[in-house]
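Take this structure, written in structure tokens, and hold onto it; I'll ask about it next.
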Amino acid sequence: MGISNAFDFLQNHVYYIGSFGLIFIGLFIMLVKHNLIKVIIGLSILETGVNLFLVSVGYISKGTAPIFSKSAMEAAPMVDPVPQALVLTAIVIGVAVLALALSLAIRLYHHYGVLDLRRIKELRW
Amino acid sequence: MSLELLLIVAFGGALLSYLFGKICPQIRDPFAVISSVALAVMMAFLYGKTMESPFYFGFLGLPLILRTNMLAWFFAMAISILGALSVIFSWDYVKDRERTDFYYLMLLLANASMLGIVFAGDFVSFFVFWEIMSWSTFLLISYNRGRALGAGMKYIIMSIVGSVSMLIGMLSLYAIYGTLHIATLSKLVPSASSGYLLFLFILFGIAFAIKNALMPLHTWLPDAYAESPTSFNGVLSGMLTRMGMYGFLLIIYVIVGAARALNLGPGIFKFNYILAWLGAITIVVSTFIALLQNDAKQLLGWSAIGQGGYMILGIAFGTSLGLAGGIFHTLNHAVYIVLLFMSVGAVQYRTGGQRDLDSLGGLIKRMPVSFIGALLGISGLIGIPLTNGFVSKWLIYKTLILEGHPFLAFAALIGTWGCILYCYKFVHHIFLGQLPEKYKMVARAPFSMQLPMIILSLVILLFGILPGIPLKVINTIGTSFGFQSLNVTTWGIASETGTLNTINIFAAVVAACVIVWLIFKAGPKAVPVAQEDTYAAGAAIPKDRYHYTVDFYNPLYRMISPYFKDFIGGFCIKLAGWTQNVCHGIRQMYTGYIGHYVMYIVLFLALLIFVQLKWSLW
Amino acid sequence: MVNPVLLIAVPLGLAFALPLFGLISKRIVKYIPVVAFIFNFALALRLIPDVLKQAIVVEIGGFPPPFGINLVAGPVGVLFSALIALAGLLVAVYALAYITEGPKEKYHMLYLLLLAGATGVVLTGDIFNLFVFFEILCISSYALVAYIGDRAGIESAIKYLIQGAVGSSFLLIGIGLLYGLFGTLNMADLAQQIESASSISVFVPMVLIITGLGVEAAIFPLNAWLPDAHSSAPSSISAILSGIAIEVGLYAVVRVLFTIFGATNMFMFFAFLGVLTLLIGEMCAFAQNNIKRMLAYSSIGQMGLIVFAMAIATSYALTGGLFQLVSHTLGKGLLFLTAGYMIYRSGSMEISAFEGMGKRMPLTSLAFTIGAFSLVGLPPFVGFPSKFLIVRAALAKEEILFTVLIGLVLLGTVIEGAYFFRVVQVLYFKKANGNSERKDAPVAGLIPMVVFVAFILVMGIYPQLVIEVLNSAASELLHRMEYIRSVLG
Amino acid sequence: MRAIISLFLISVLAWGIATALNEIPFGAAKTKVGEYYIGRGKEQTGASNIVTSVVVNYRGFDTLGEVTVLFVAAIGLGAVLATRRKKEKRDVEPASLVLYTGCRLLFPLILLFGAYIFIHGHLTPGGGFQGGAVVASAFVLVYLGCRGRRISETASKTVESLGGLVFIVVGLVGLAVGGGYFLSNYLPKGELNSLFSAGIIPIIYIAIGFKVGSELAGVIDHLVEESE
Amino acid sequence: MIFVVSLLTLLMLSAAIAALIFKDLMSAVIASCMVSLIAAILFYFLQAPDVAMAEASIGAALVTAVFIIAIRRTKRYEE
């Protein structure tokens, strides 16, 4: 009983756990770490988690990839293609943000010589 | 003669004189004078007319309306005449200053917007003109730089507070009655609940009390008067401050109506009683603070606060006599305070901006016209018979006594007593006593300054001897508020409880003068000596000051100075300091550290989710 | 019939083509944004009469709404597009002379893309599409904030970026949850399926989305990036960030709250939040000595006012809120533009460095003064009718609570007046120390200022000019069902 | 301290999201939109990869935005790093011969692979973005292996611009000929599962592939140049 | 199947935690690269080959390259 329950639970939730685990770990990194690069790593983990979540929302049990190849035409239900399309977009947006963030980090390092965010607060109040 | 044309002339005159100043400065001053005089002349033709016409439909579906009636005409006439005189006075006064174009623009704009206020037939246009008046005045008060900046800030902050509270009041009217047309409102509002009327009175009252410098909202006035250009003081003190009076009349007697307005609140905490007591407190406190001043313009400023108290006392009781007194006092005060400021201005003009009473003195021979002006001005201010102040003060005293308020009457009396002291100090320190060495070569004021002073002096005497001229107009205003008509004669007022007849007084004074003249004539002939030809009982005459204008009322000062300070002004300064500290405290929230900022975002989210999960608030 | 999609496609296309123009001639590059926004503004104006009758729904790719992406050019969308195009045009003209250093070509591209993104946000009818355009807007503003490349610029850009990225991640999670729940991304379709926003499963995505969008909309605890970013960006960009970017963020919040979720029960909370935002913004602005930070905090305050107005949620209030939005765009845009040249002239952002500017740059100072007066809400400038409407709407509620709140709002106005008038005094009534030669901004800088001033005056004196559009925009926001019907048929 | 607060806040978030997720069972079929795409995608767009048909056609506007985002990031990165660029040429140590030759050899192969991915986007998994990324990784390889090699900035800019313009122009042509719809698939759909099918989809994906490839390569180029 | 997925998820989360813990940024980046790679595998299991390809080529490869370049240019160790 217990085992099969656990199995069911895992079956139903493992992707959610994985994705939100990533999201929260990423968020945690952003909240507590002082190093800018580390914060950006957190952001990238957070984005990966979000993407994973989006795709798992679109999953259909025992579905196949939404591609009509010549062999497997309409054999099984297909998974929802929409979240996949969204995630494609989200991945590209994520990489855009990360690249910009890292270039800013490099420039910031030129100016300040540190990446410790506690010491980069000339602008405040 | 339409009102639109009038306002176009007023505002157009302001803008055009600015443009002329930029294009060819020579014709700017004449143009400003001509336009303001023309305005006064046009205004005169409006006498006794009652009309109302929308001039603009564009504002959010609300027609903006101009209207005129006796009340509006009375104020407008005073505004335009005093404005014209101030413009004439400015001719020489600001000639050598920089940015005179700007000065003229703002002066005329302030004037024009005041006309707009009194002709406004609905609250939107009232408010719009009110705000234009506020910021143009702010810009003029700050004109002198230096300390004027602080004065300007005080003025504009209090002004904004006032207009904000007026905005709330006016829009609550709009929200409830769906109109802001004054005539319509005056039919609808009197049937509102007492609580709502009180709410209205408080909101509008704050706005008008600030403008009229009723204590405890007077803080802006002394500094603003002291620091603004003296040529503008005429406009500022004469009518601009008294727009508060106009507002009070409007809200109490036009919109709400005497029947409701005078019975609001329980027992002695009636709205108008509180107003009257505030007026009385204003009179006493500000009079004594004025006595302590050594700056001519500060002194006049405090005096103006006190005189504002008289006006409030006059209109607070809602009898036709008191109302006449209050409105008449508004006019009279405007006349003599403008005169006094002009005389100070003339002295300042010739002495290089000196307005410290202790450093002046003995200018009587050097500037006789200014002296006469100042003398007549203080006579009016004190209320010496045959000057205009006498009549209005008489009416106010009489109201207080008839209505059975001896304490208030006593307060008013104390005010007059203090008024005598500071008025004497004022005229003595400037014009009498020893002439300081450096002012020996001081010349007379230029004609452009003398002319308005002479006109105003004549007006003081005219209204003092023939008070019936303005009182007839004022009586019409009173009857339009629904009061019974007074029996106004050219010489004064006749009523069953006592008659004012200036012709008798005039006769008595003339007789006394004749007698005194005869006595002097009979005595030995006076020998005129030079002003500096002074003897000091054998001792060598010191080169520096030796006359007694310094520490004039020394014992009195020592007695009253601990009690009569501008506590409220001090409190406001402190309040500003506290606000600043609070602001500095709050901005510490933006620490500059990204971790905190991200935390704020997560916090916001978590808080919302937590509240909803826990309590299902939304 | 013109197609509203051109409002987005043309700036995008021109931005893509801009490097090619750059290959032909370096000098024509900077005129391309001007051309693009003249076109957009004309198009938006052309659309207004049609839109007032009936919202134009454009199906991208020819697929019916729940299946394809659609643009909804309703009164709100067109109003915002017109506003964006107007501000964009004026600031582009300003930038002709102002942007003289750095990779200019990239500046103009980013600028075009920023405003194209903003237009996309206000026109789109699909929530994921909104997210994408929002990212365009955000990312180009990150880059533009860092454009100068000094310490402050880079620092504020990275702060902005991190907060913005966290916000967009939340937004994306919220969108994912919504898609999981309702299986659609179309806003009208979502609105049709969501009856109540109170159940926790709808509430969580809603607050995620609100938080994500709120970061850009500068709602109170989410706005820490704003003063830094707005003060460190080039002034022309500050004008756009303050005048357009946060407004568009607010638009998105309002659209989500009103149209998708119909979250009437949250409005009271947002009214409080708005007042809080307003007070904190104004108080922080009051304590500033740096002109651009002051203006930035003042933007926070104005956003608070608009949020408050929107949260009253009556047709008057929405009209007032939208009007305030317009007037804020005009006023703040003008202030940042004028401040830009004053900073350029005095070499410092400290307010005390502007002493005697009234003599040194008379027209610029005059424009600044008018902008400041308008923001404070003095007649006859445009800030007055907008505040008038908001106060009236709050009082028409006839609740003590709203009366108290409007009192607090107007207290904020008093503080705002205090710091703006202080600057005006510094401009006009302090003697310039040192160089007091008279030299105004260049013509390309003055033209947009003059146009802004003209708009401020004309709309202030004749608010009827825009009130019809604002009214129908308000009713579009207020009536969800109308929106759903116009999209889904 | 901050860690504890953060953990608390995150646990609140987790609580809320877990509650919301209860309504979204994993693996259940639930969307009419997805069904619509799967059911009609073949006829309406002619692409056998439904994800591609969604990305390029049904939600083509998103993709336009997405391309723009990447474009913005590339320009922004250029702008951010721009002021440091005009430096003197440094002497870089040449890579070893094996590495150099290997890179030279692999480079065209990877490019070809990338091109394959984006050309067959409508048939097989992959498409413009993936292909573009593969192309860009070829350039990464060259930067790492053959130091000192640069792509011509003008060329990359031109490719970026043309890629974007092709997308927009293809879309705008739809306004004229495709029934007045932006980005409508007005070209003949062809036979399913053949290379020349799916109307405008391959064109757009090829454009995207070039664009993304050159943009990502440009990003790497900027960063590498900066870093040396 | 589900065990493989669970194991991968566990691995992925531990890699993320490793990225949190490592003081050496290079190691942290490699850990996050691992997160992306495993996520790509999970995408594949979720029947999303397109996304898996994108994640592997963009999320894992390019982002990591960019990170490494950035770290080489700045500091390698978190202080």
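Observations on the model:
By letter and in written order, the chains are A, B, C, D and E; residue numbering begins at 1 in each of them.
We take it that a contact is a pair of C-beta atoms (placed from the backbone, for glycine too) under 8 Å apart; a residue touches a chain by one contact, two chains touch by 3 or more.
A quick note: this is a predicted structure, and the numbers were derived from the prediction, not measured.
Listed by label, the chains touching chain A and chain E alike are D. Shared contact partners of chain B and chain C, listed by label, are A, D. Taking the CA centroid of chain D as reference, the farthest chain centroid is that of B.
Among the remaining chains, B is positioned farthest from chain A, on the basis of C-alpha centroids. With centres computed from CA atoms alone, C is the chain lying nearest the middle of all the protein shown.
Two chain pairs, A-B and A-D, are weighed by contacting C-beta pairs, with A-D ahead.
Averaged C-alpha coordinates give centres for chain B and chain E that are 76 Å from one another. With centres defined as mean CA coordinates, chain D is found 73 Å away from chain B.
Chain C and chain D have centres, each the mean of its CA atoms, that are 30 Å apart. Annotation: 30 Å between the Cα-based centres of chain A and chain C. Looking at chain D, one finds that residues 2, 6, 9-10, 13, 16-17, 19, 21, 24, 31, 33-34, 37, 49, 51, 58-59, 62, 65-66, 69, 72-73, 76-77, 80, 125, 127, 129, 216, 219, 223, 226-227 touch two or more other chains. Contact of a single residue of chain B with at least two other chains is seen at positions 587, 590, 594-595, 598-599, 602-603, 605, 609, 612-613. Each of residues 11, 15, 27-28, 30-34, 39-40, 56-59, 65-67, 78, 82, 84, 86, 88-89, 91-93, 95-97, 99-100, 102-107, 121-125 in chain A touches at least two other chains.
Contacting chain pairs in the structure are A-B, A-C, A-D, A-E, B-C, B-D, C-D, D-E. Chain contact summary for the complex, chain A toward chain E: residues 7, 10-11, 14-15, 17-18, 21-22, 25-26, 28-29, 33-35, 37-38, 40-42, 44-45, 48, 51-52, 55-56, 58-59, 63-67, 78-79, 84, 87-88, 91-92, 94-95, 98-99, 102-103, 105-106, 109, 114-116. Here chain C touches chain A in the complex through residues 128, 132, 135, 139, 142-143, 146, 149-152, 154-159, 161-162, 165-166, 168-169, 172-173, 175-177, 179-180, 185, 227-228, 231-232, 284, 287, going by the rule given at the top. Against chain E, the residues of chain D that register as touching in their complex are 49, 51-52, 117, 125-127, 129-130, 133-134, 136-137, 140, 216, 219-220, 223-224, 226-227. Per the touch definition, chain C reaches chain D in the complex via residues 3, 5, 9, 12-13, 15-20, 22-23, 58-63, 66-69, 102-103, 106-107, 109-110, 113, 116-117, 120, 124, 126, 128-129, 132-133, 135-136, 139-140, 142-144, 146-147, 149, 154, 157, 173, 177, 179-181, 183-185, 200-201, 203-205. Touching chain A in their complex are the following residues of chain E: 2, 5-6, 9, 12-13, 16-17, 19-20, 25, 28-29, 32, 35-36, 39, 42-43, 46-51, 54-55, 58-59, 62-63, 66-67, 69-71, 73-75, 78-79.
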